[in-house]
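Note that chain A is present in both complexes that follow, paired respectively with chain B and with chain C.
After this line comes the complex of A and B, so read on.
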């Protein structure tokens, strides 16, 4: 029983509630259906579609991070958050850098 | 519940005095797992970068919009989204001290994960039968490497989840198994996010 009480105190905010999981699930479904509908029915121009579906994917990431992975509930110092931001900076550098440099890689 | 309380009490005897240290130790391990996830972010980042650079390099061969079958991909997506949700319910059940609920929802998550892998393997086999392999062109090399690496992650997660379910059945909910459940649910949510980017960048942009 001591174990259970300990959880009630220590991690009270660290695992969310059924309500927050359901909100997260509904949001993630909506954020998936919107891009599918738009791409499969050709509702927007090509550039607009690419920007829109990338924003939807990024929002999906935020939803999973906040509602399911509970990044908000981390106690200070927020090492998990700092590590994640560091990882995302490297990710963006690698992906955007590769696309950028190869876009101008015209031989001759 | 009664069984859980007893077993955690028994464990508590051994190192009851350093319960707080033990808790800190577990949270350090969770942080270590976040660091692993960051390295995985970078791994997938390099594969996405490769894919983006080679997205037009089909060498005059089959193009993605000719080959992709969206119904299967859409089914995979909703299966994985739902499994991300059910792994969250498993964590909620754990915090209620409901061992049966925890193992049950982990089993549902694992079954959904297995369905996802089944559909993905089926898709790969179909592609190979239609003459598209990892050696067909630079585009398909990048495709199979990126999508296959994600599928491999899900497969490893499945084996891990079954192992954890066995451990939970034998040891009950202890601080150690609790940390392991928290970590595997982080891993599972992470793989769901990676899949959403695969869906967006590989499939949706591929059929546009």
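After this line comes the complex of A and C, so read on.
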């Protein structure tokens, strides 16, 4: 690797095909419209709606990562993948840890 | 109208009615006039602007970080001595309660965020590109922006001392005291905005160094061949990347509470102040590892250099560093065992806290075994390293005592805790960064610091430290709690407090000796002729001191750990020096005024937010946006150093060497 390779865009990685972009686009649109339809037409109970929206959000995240962020195409060593996983671990710790600690808190 | 303005200025804007602060105001005004006069008299304005304020050179940015942190060390140190003076005798009325609260708050914030962090970033900047054979960091413009955001954030925080009033809710600003109901003044807003603005800089620096280390290493240098300091910077920077966003969000929520009347952490309206404590320590605990990890790296470099041996257990050291930066995210609740989250929560966090002591212990053994049967030279950096080891072991062991949750109900918020964290932060972080400063000083400036005065500095710091903090362990067990500004005669705490105060002043004296040492070494300047001041092992010692602007005339090719040492050994054993590749023009980033100007606008916006002045917030943020746009449309950002200029620079450096 050149020592002063400043332009990160110069990566030789091919950035997906037309087909994968269209699939990603359609999937993300569907995942956006579904919750909207459910909410507007009152198709589910309140709890079920919330859970459904959260699941759609998580799937949306995955779609974005695979089709637009090209997480699969990364060359080794996979620093982006490691950072992503570590980020998710920290996220989980912050959310679950806070809920756990605050749930047993007898002071506040 | 005019009368109203005068009233506002005297009653709210400027802090009035305290002789100590009046003295500070006068001396700040005089010092500013003196600086302006000197710069004008010697016609140095242009030099200051083109050589320093707009520079993107990592070495100069590093030096500016270090200068700023030494100024902050002075201010934080004066705060510390005021605290110790007040506590020396029972019922002393040297500082009244409000003033005392402000002083311990600013002491804590300044020492961690505006002294330790910039000193750390200063060393990162100076050393990392040189150690990995790079010509600059990955994003030189961002690097300059990081420095100026830190600088103006720190200034915004410090200005509260004379304008508007200092924050006084403790260094982590726990609500409900830090909410509008508890702190109606602007001090707390200075706290929020000073830290937020410099926090952007810290986060950007963290990202910058992760990318630099992963992407900019000299050809051939594998990750497992990197110098240990570079590894420690990597582990610290990764921790910064994941911890600082938590701080930003937490302080932002507090800001929304104060500014827009929300109820995240208030006592009423469904808020929960304990949530703030939970969140702030998710940043606060990794933060202490962020500052200590690079110190571990510095000690590793120094121990190996001055024992003339390869570092013992390189792989276990790497593993220890990286596992500490990972586990540091899972121990935060040990800061509030007494909050009352029950036995299960406390047991979990007590165990994770004890676990994290293991990799730290591994490191201690690595350093000891590196010294074992080595040819040790007791030069200044090595002295600090040797003093660090026992000091940090004691500090670490009292930390393990604190991690026992049931026992912590006794130690919590007592002087035992104060003594513990000062022991790991002074004995670990400060000693570590001083060691690094003495070690890399010749690389920064081309001369060594005076040895004789250095020994005085070393002994005064060490004696002062133990005299100051050992009595505090006892005071804590005797029941003395932190943040009290006075105590009664009948508590029996006076003798130990007097001893502790004497120790504090010995450390103050040590700082004065340090200033003298630097001044003396500049006056009797003795050029360090070889670039290799300590017979070093890593790449930074293979180039002249101070390093030329482009660092390496030829990019080194690395084949082993301790590349420079191996090369020297090879030549000493009759090997031929590597053939020199022909010089090529060097691609370098151009200086830019945008980081400085943008940070000034950030300061203006922050100052506007503090006072709630929309007429100041809008132009401030607008200026920030314009600077960003200007940067994205500037294409003329780099240049090439021609070969004949490199030849001239190298020849001049060689002449200095002979």
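Here, the second predicted complex is superposed on the first by the 84 of 108 C-alpha atoms of A that agree within 3 Å, B and C clash if a C-alpha of one lies under 4 Å from a C-alpha of the other, contacts with A are read in each partner's own complex, and residues count from 1 in each chain.
Note that in this section contacts are C-beta pairs under 8 Å (C-beta built on N, C-alpha and C of every residue); 3 or more make two chains touch, one makes a residue touch a chain.
Small disclaimer: the values here were computed from a predicted structure and weren't measured.
S.K.: In the superposed arrangement, does A:90 touch chain B (first), chain C (second), both or neither?
M.R.: Touch status of A:90: both partners.
S.K.: Mind working out whether A:99 is in touch with chain B, chain C, both or neither, as first, second, both or neither?
M.R.: Only chain B is touched by A:99; chain C is not.
S.K.: Does the superposition put A:78 against chain B (first), chain C (second), both, or neither?
M.R.: Neither partner.
S.K.: Who contacts more of chain A, chain B or chain C?
M.R.: Answer, by number of touched residues of chain A: B.
S.K.: Identify the overlap between the chain B-contacting and the chain C-contacting residues of chain A.
M.R.: After superposing on chain A, chain A residues 1, 3-4, 6, 79, 83, 86-87, 90, 94, 97-98, 102 contact both chain B and chain C.
S.K.: Can you tell me which positions in chain A touch chain C when the two form their complex?
M.R.: 1, 3-6, 79, 83, 86-87, 90, 93-94, 97-98, 100-102, 104-108
S.K.: Name, in rising order, each residue of chain C that touches chain A in their complex.
M.R.: On the chain C side, the touching residues are 133-135, 138, 214-216, 218-219, 238, 241-242, 246, 272-275, 278-279, 282, 326, 329-330, 332-333, 339-342, 344-345, 555, 587, 638.
S.K.: Any idea which chain A residues touch chain B in the complex?
M.R.: 1-4, 6-7, 10-11, 15-18, 21, 24-25, 28-29, 32, 35-36, 39-40, 46, 49-50, 53-54, 56-57, 60-61, 64-65, 68-69, 79-80, 83-84, 86-88, 90-91, 94-95, 97-99, 102
S.K.: Please output the residues of chain B touching chain A within their complex, sorted ascending.
M.R.: By the definition above, chain B touches chain A via 4-5, 8-9, 12, 19, 23, 30-31, 34-35, 37-39, 41-42, 45-46, 48-50, 52-53, 70, 74, 77-78, 81-82, 84-85, 88-89, 91-92, 95, 97, 173-175, 178, 182, 185-186, 189-190, 192-193, 196-197, 199-201, 204-205, 207-208.
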